[in-house]
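In what comes next, chain A is part of two complexes: it sits with chain B in the first one and with chain C in the second one.
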Partner chain A sequence: MRQTWNGITLCLALFSAGVLAFIYLPLLVVVVYSFNADSVNSFPMTGVSLKWYRAMMQNQQLIASLKNSVMVALISTGLAMLLGVPGALALDRYDFAGKKIFERIVLLPLILPGILTGVAMLGFFQEMGIKPSMPAVVIGHTTFLIAIVLTQVYARLKRLDRAIEEASADLGASRWQTFWHITLPNISTALIGSALLSFTLSLDEIPVTFFLNGVFNTLPIQIWGMTRNGLTPEVNAISTVVFLASLILIVISTRLREEEKA
Partner chain B sequence: MKKTAVHKKGMLLPLLLPPAIWLFLFLFLPYLNLFSYSFWKPGPFDVVKEFTLHNYAKFFTATSSGSVPYHVLIDTVELALVVTVFTVILSFPLAYYLNFKVTRFKQTIYMLVIIPLWVSYIVRAYSWKIILGTNGILNSAFIWLGVTDHPLDIFLYSKVSVIIGMVHIYTPFVLMPIYTALEQIPRNLLEASKDLGAGRFQSFLHVVVPLALPGVIAGATFAFVLSMGDFLAPSLLGGPDSSTMIANIVQQQFGTSNNWPYGSAIGIVILVLVLAILELTGRAEKRFSALDTVAMRK
Partner chain C sequence: MSEITIQLEGVNKFYGENHIVKDLHLDVFKGEFLTLLGPSGCGKTTTLRMIAGFEQPSSGKILLAGEDVAALPPNKRDVNTVFQNYALFPHMTVRENIGYGLRMKKTPRDEIARRVQDALRMVQMEAYADRKPRQMSGGQQQRVAVARAIVNNPTVLLLDEPLGALDLKLRKQMQFELKHLQQKLGITFLYVTHDQEEALTMSDRVAVIHNGRLEQIDTPAAIYNRPKTRFVADFIGETNLFKGKVVGTSAHEVSVAIEGAIFRFAHAEGQHSGAEVYVSVRPEAMSMTRERPEGEAGLVGRVTEHVFVGSVYKTIVTLPTGLEVVVVQPAASDGLIQQGEEVYLTWDSARSVVLAS
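So, the complex of A and B:
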């Protein structure tokens, strides 16, 4: 009996290793081949070189698209925080008519396929006379990022111990003082976490951007174009950079989660 | 304890109005607009605003070449189901193993689970292009190993490559909720089950599986809806003839085909289908979560 169970555990371990390999190996391939000396991604690699990183740095369009992406991500994240955090407070503190409907509508752009939000906005902007452009992309990103910020902050507020706010009020603090000195510091990890997540999602977004960008290229749209036009090994280099950047962001956000738990 | 103890009702409007107005303008109105587009006529340059059911009829009737556009939707649903089944088959054992068999490095393991969620979609989709391509790594490795003497073109630009790529992309979305569901199972429930004489397999079947079910349903829903609405992976990995999936048809109507009303009608069909699926799986999740609570109380 004991014997067969160990056999099952071993199979489970092997299977799990296989799945992890399936998830991570393709990423590793991209990283390794970004140092390829050859312009064809073939096995085995013929040599090691940094030339694709040099090519990446000299690719003006690529650098410009990176700047565009960072700008869109910063503005959209900022707007989503400005709109989403008050929304989360309203949901947490008040009951109002249509609350359930509001909660559902907020989540739509997260739940529905991105292409639907993309084409819906494209048509609407056309009717409004807004041309595909950077502002259109920012509006698109902000709209789905509000859902991220709102749900994350709302979840944190629900777990917040109300007694400390009441204690603050009892001790004579005004509503603003209580909010500023008690509520805000207690939800700060959720605020930073949702901002980081929003920033990352905006940097990576394609389906909505695809329909709203016009000639304004963001980084993933630029990479998308490059992958379509044959294989340019520079894509391996820029992909590796993007991968490392997301690793850094994720380590920060996991640390935050741990701090909050502690 | 009233919730309004700290904040007076007076703050509701200043807090709620800005996001509510934004979402009304940039979410509700666009979707309403999509809905009305689907009943208008396509014109040579712009949409002709006259009511018609033609766009929907076109989707469900055969073209002159004999193919029915609606069949693409059926194919897409099938493909999304295949992707969903594979993501669950890959995720569940891994989530189970990480939760119950690994006792050290919990932090690292949690990172392993969430990292792929944060890694760029386009990077992950593209990685399969360089692996499966005609001159790609798989082919050149096969030649190097002597398995074949010429590159095989069976890997890329097929339904299989689209499925492989999508399973890779969406597995983390399934792994995460299953991992979380398993993590939340109180370990003393398993001990109780053992004390009451259940074998490991019985405990697994009657304690672990039912409690993990809401996580499985949530993850499967993610995988299904996301892969059903994907038009990027199919056109990157499915090759030039990428009209294999429904979202690609929508993209074409808003792009080269320039028939926005028809594209909108297909969009609305997808929307209704997705909302129906979410309603069903949402109910199923709640039902099984309710079972959880009953189980916990007992």
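So, the complex of A and C:
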């Protein structure tokens, strides 16, 4: 059947283009203005320059907050993996009381508005005597990252052909050897994918962090602070960097998922 | 063939309320090719999985080479399995798949390489050694699965419908290859299938299982010619089952009334007068004539179908009671019988079996 370029398809194409523009044009503006020679965001630009990237590099507070964010993202992703992967294995392999309920509520930390989680944790931590600090932020992030790791790894485990684990045992492998040589390599894409996604989500998390950080600034909080006195081109520069980094991580994690399906 | 390799003693298996395997006693001899044959859901695969160690019997004992294996996990049992869908490791090459068992047993590297090469040659897969499973056809994967099992030189090889996913032609070819491999290696094969033709072709002995119970265990010829139960007669090959009543017994014979005529049969131990029985007659043991046969009782019927099926003619004769009888005759006898004709049916009583109903 030959596709005809009639009125309906044209309308659809225009509508799709409109939606895409609505989503991505603001991002494009940020990226373009990050190379602006002028300090005022206005069009047409007076020239192209990398000076805001230089300014960004020299902004000690900004660099410190970037380091903080990367550290928080690394630690909470690590913790989410350590807790989420065994959790997924337990869900897949064992029947226990309340399993059905657990399966349903495990996504709750992701679905709940971050502001709720933040308020709840702030109150809870105060009761526990934990001051708003870096560990508090890490714990906050970990709670919803576990949900990501657990659901992604669990979904992969459910599709894993259990016969290959039986075959491994049949060929003389202990349970640990089977896990190491057979199970792990076959869920590796889900592991890497969920770790990358967790890292990205932690990196630009604001609401939960906002309640728990105290004087400890992460990059999104720092950027948010800087924009209170108007949008500076420096913010455009750091936003572009974060955008590119996130994009790369998300592309990798999507690729992994597709590769696994093939 | 007298040494017993696997011994099942009164094995039962329940899944909740379901009684899957019922009081199974089975001796598998060293070096034999024994097939567990039965319709799907009869408990044959469960039996195999209990021997492999993936399932625990609810009661009863399993002995491997005389040793009770109840406490042994699958990796400690000297058996290997060829799985229904091959269960090859998708992230490993053919060579790595085959060498996996030896690697787990800490076999020296050069010995692994040599034995894997031997196994590859044995299943004619040398050219595919560095492929991944998904780059191969079903038949090729099947060969790799067999090689991966036999390379470990197990006491017993368990095969769970290994040819089920292959097309007919390849299946026939693999049946002979597997049989030859088994004869060459001398490994005991315990084979599970629902395909009776496959079972008869390959096995030294066949164990027919129905509803979790062992119906009969014997050589393929004996299973075919001397079925012990109605289920076995019906399940193995094609047969005509006539309902009848025992009207007289003597030392070697039993007289049975079928459709109003009296027939005499040998081989009917334990049948008493008045018993309701089934008589099983294979289509090739039936014959039909236009004239009433002399001195012999015969059933009268009308030919409702007469078709040429290659080497033989297959005729369906319908009796006045509506029972359809299948008669198979050599193609050379063509032209004798026409559709719609009335014929007299007789059978070779030596090739007929009287079964309790």
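Basically, the second predicted complex is superposed on the first by the 255 of 262 C-alpha atoms of A that agree within 3 Å, B and C clash if a C-alpha of one lies under 4 Å from a C-alpha of the other, contacts with A are read in each partner's own complex, and residues count from 1 in each chain.
To be clear about the criterion, a residue touches a chain if its C-beta (ideal position, glycine included) is under 8 Å from a C-beta of that chain, and two chains touch if they have at least 3 such contacts.
No experiment lies behind these values; they were computed from the predicted model shown.
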Joint occupancy of chain A by chain B and chain C, clash or fit: fit
First (chain B), second (chain C), both or neither touched by A:Leu27: first
Partner chain in contact with A:Ile164 - chain B first, chain C second, else both or neither: second
First (chain B), second (chain C), both or neither touched by A:Gly172: second
First, second, both or neither for A:Leu74, with chain B first and chain C second: neither
First, second, both or neither for A:Pro185, with chain B first and chain C second: second
In the superposition, chain B vs chain C on chain A residues touched: B
Touched partner set for A:Thr227, first chain B, second chain C, both or neither: first
CA minimum distance (chain B, chain C), superposed complexes, angstrom: 6
Where chain A meets both chain C and chain B, residue numbers: 166, 169
Touch list for chain B against partner chain A, complex: 1, 3-9, 11-12, 14-16, 18-20, 22-23, 26-31, 33-34, 37, 90-91, 93-94, 96-98, 101, 107, 110-112, 114-116, 118-124, 126-131, 133, 135-141, 144, 168, 171-172, 200, 225-226, 228-232, 236, 247, 250-251, 254, 260, 263-264, 267, 270-271, 274, 278
Chain C - residues contacting chain A, complex: 52-54, 73-75, 79-81, 83-85, 87-91, 100-101, 104-105, 148, 152
Touch list for chain A against partner chain B, complex: 5, 9, 12-13, 15-16, 19-20, 22-24, 26-27, 29-30, 33, 40-44, 82-84, 86-87, 89-90, 92-96, 102, 105-106, 108-109, 111-117, 119-124, 127, 139-140, 142-143, 146, 150, 162, 165-166, 169, 175, 178, 200, 203-204, 206-207, 210-211, 220, 223-224, 227-228, 231, 235-236, 239, 242-243, 246-247, 249-251, 254, 258
Footprint of chain C on chain A - complex, ascending: 161, 163-164, 166-174, 177, 181-182, 185-186
